[in-house]
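In what comes next, chain A is part of two complexes: it sits with chain B in the first one and with chain C in the second one.
What follows is the complex of A and B.
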């Protein structure tokens, strides 16, 4: 069995599972945020009206809560949702609730690794499609809707069809100015937004071993954009060190068997990859950045769980150091801990000196919620994960998806720019 | 189950167009319905009638995990979406929450059905009858567990 099959077999009390088996898997961790939390409460209300008694959760210690989409409270409804979420954690005795304005908080997927909320070998579900992100730690991590999360909160388990696994092998170290974002965009361009539908995308090879933990998280994050159920990477020493720095040392790593089966193997040479961009209106609409070099922009957005981790901010700062932006540019670190590290390393000063606005952690404009959404006809280059119509604001705005290096280089010139071409 | 077709001749109809992000903070189901399909069809809310079907291409419902998407369609009156394929979270939200039926159809069926056609859906026979064109199509049968959850009326009513 491969790593995903072994985790699902363990979680469902079976010796063996194969792709297409349907299992009820016991869940190790579950997450809700300020959108899915109130959504789950609406499901609870519906269930109560139909006569069900809901007095306690299956295990409040396995539940954690983030505030990220519409915070700092964007308007009256968002503020009410945060109040609702706070009441929810109080009523059900959930202790891990990351509140904005009270120390560490941030985007849920970022907290999942920054705070070691999820560990290798676990089954982790969250009320958000980019829950896949956390698979980079060697966990089975999948997004669910409100009804399913409500079911998990009350029963501690949920059904899964055991997915087939597509294996993406990266040979060699990524060249300078090429990031994990370029690699995952290239893959999505190759296989399409449903290329991994219902499947798991596993990453391996020397290129992955060379990659930092945060860069790996960019890969698994955007498996969602290929339609995947989950993304996963087998844990190695870098993961162990990363988790140990965050106080997590006790867990049961899972690795695939030597004879593990994969539905398909895709092989990429790192040396052949280039700075890459996804054009509107789909993440699969991929082209190398140089071919778009005359495209004028109104805005650059460096934010989200995909593109505002510490490595992302370091990359942007490398470009912006000593330069000035020509278009509106926002940097929104994905968590307070990352904000602090960016400040300690002098990155925040570099951004401010370049004319960039540095804001609080939030999903913000990535999902068109608030904090810099796009007007009609505005064109944005963004380190986020989706560019469907209306994703970042007006339905006639346009978003180009790119790495933080490309976004920062483009911010400097005001048009899409390959960072290798920056004078 | 009988109703008229609202057809979108496109693939990858994503959750950002089915129910745009700014409305994610809303959890009043009837309010959500007013914004269904707003990303590609501003008139949807006015033209949809209870019992209508949506017909679309591949990968319907891709994008986010928002259950708001099937909820908005369901509370608009949509009883089933007929598509060549579905994104996984939309599919399980539709079934587990018992909001609407996600029906997988062949490409030929997708091409043959026109806007406004009257359809009759009989899932027990895996049949779709086009009353306007006087034709019968096959739907892809539900996988075993999905069929049971649909029959039970959602995941919470399903007994393992």
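What follows is the complex of A and C.
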């Protein structure tokens, strides 16, 4: 069995599972945020009306809560939802609730690794499609709808059809100025936005071993954009060190067997990858950045769970150091802990010196919620994960997806720019 | 949920691929927390002009499809966010069936949780459905799609079929075993007494 099959077998108390088997798996961790939390509460309300008593959750210690989409409260309704979420955690005795303005908080998928909320070998579900992100730690991580999350909150279990696994092997170290984002965009361009529908995307090879933990998280985060059920990477020493720095040392790693089966193997040579961009209006609309070098921009956005981790901010700062931006540019670190590290390393100063606005952690404009959404016809280069029509604001705005290096280089010139061409 | 039996209706042809959940319900409506009333926001940005007047060229505003319970659409419908509001909006608007060649996984599951039947068909079948002038009849019991010139079957997991036909949701299914759950909760304390 491969890692995904082994995790699901263990979680469902079976010796063996194969793709397409339906298993009833015990869940180790559940997450809700300020959009899915109120959504789950709406499901609870409906159940209560139909006569069900909901007094306690299956295990409040396995549930954690993030405030990220519409915070700092974007308007009156968002503020009310945050109040609702607070009441929810109080009512059910959930202790891990990351509140904005009270120490550590940030985007749920970032907290999942920054705070070691999820550990290798675990089954983790969340009320958000990018829950896949956390699979980079060696967990089975998948997003669910509100009703499914409500079900898990009450029962601690959920069924899964064991997905087939597509294996993406990266040979060699990524060249300078090429990041994990370029690799995953290239993959999505190759297989399409439904190329991994109900499948697991697993990443391996020397290129992945060389990659930092945060860069790996960019890969698994974007598996959602290929329709994947989950994304996963087998844990190694880098993962162990990363988690140990966050106080997590006790967990049961799972690794695939030597004869593990994969539905398909895709192989990529790192040396052949280049800075890559996805054009509007689909993450599969992929082209190398150089071919778009005359495209004028209105704005650069460096934010989100996939594009504002510490490594992303370091990459942007490397480009912005000693330069100034020509277009409106925003940096929104994905969590307070990352904001602090960015400050301690001098990155925030580099951004401010370059004329960039540095804002609070939030999903913000990535999902068109607030904090810099786009106007009609505005064109943005963004380190986020989706560029569907209207994703970041007006339905006639345009978003190009790119790595933080490409976004920062483009901010400096005001046009889409390959960082290797920056003078 | 309303039990699902046979649906016969004119179908609304939404001739687009990769329709993501943000097109189905734009993000500005996600802050609303009730489960009902989302129908008015369905396909909001395609359906209305900026000043709020309905866009004549959008199918939902075409009087020929008024009261339609079946939505026809192209590949990879429901991709993007896990927001269940997408299913809520379709149902609230009146759709009980969505037919496409493929669906995004989370959306597909969310449909069943809310009494909507997502039907996967082959490309040629979908094309014929888009071209048909007649009403479409979906018989879930028999698993058939019929028009004046077409009669094909579709597949569905038996569990999902049962849930829709009986109008249950997952939690209601579990509650059917309420007495057994309660019995287990009592029994296991006796059979597995605390030792520490």
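Assume the second predicted complex is superposed on the first by the 423 of 423 C-alpha atoms of A that agree within 3 Å, B and C clash if a C-alpha of one lies under 4 Å from a C-alpha of the other, contacts with A are read in each partner's own complex, and residues count from 1 in each chain.
Heads up, the rule we're going with is that a residue touches a chain if its C-beta (ideal position, glycine included) is under 8 Å from a C-beta of that chain, and two chains touch if they have at least 3 such contacts.
Nothing here was measured: the structure is a model prediction, and the numbers come from that model.
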Combined model on chain A where chain B meets chain C, clash or fit: clash
Contacts of A:24 with chain B and chain C, given as first, second, both or neither: first
Contacts of A:90 with chain B and chain C, given as first, second, both or neither: neither
Shared chain A contacts, counted only where both chain B and chain C touch the same residue: 35-36, 38-39, 41-43, 47, 52, 69-70, 75, 77-78, 81, 127-129, 131, 143-148, 150-151, 193-194, 197-198, 227, 229, 282, 367-369, 386, 388-391, 395
Contact footprint of chain A on chain B as seen in their complex: 12, 14, 16-17, 20-22, 24-27, 29, 39-40, 58-59, 62-68, 70, 85, 87-89, 92-93, 96-97, 143-145, 154-156, 160
For the chain C and chain A complex, residues of the former touching the latter: 18, 20, 22-23, 26-28, 30-35, 45, 75-76, 79-85, 87, 102, 104-107, 109-110, 113-114, 169-172, 174-175
Of all residues in chain A, those that touch chain C in their complex: 35-36, 38-39, 41-43, 45-47, 50, 52, 69-70, 75, 77-78, 81, 84, 127-129, 131, 143-148, 150-151, 154-155, 193-194, 197-198, 227, 229, 282, 367-369, 386, 388-391, 395
Residue ranges of chain A touching chain B (in the complex, touch as defined): 22, 24, 34-36, 38-39, 41-43, 47, 52, 69-70, 74-75, 77-78, 81, 127-129, 131, 143-148, 150-151, 159, 161, 193-194, 197-198, 227, 229, 282, 367-369, 373, 386, 388-391, 395
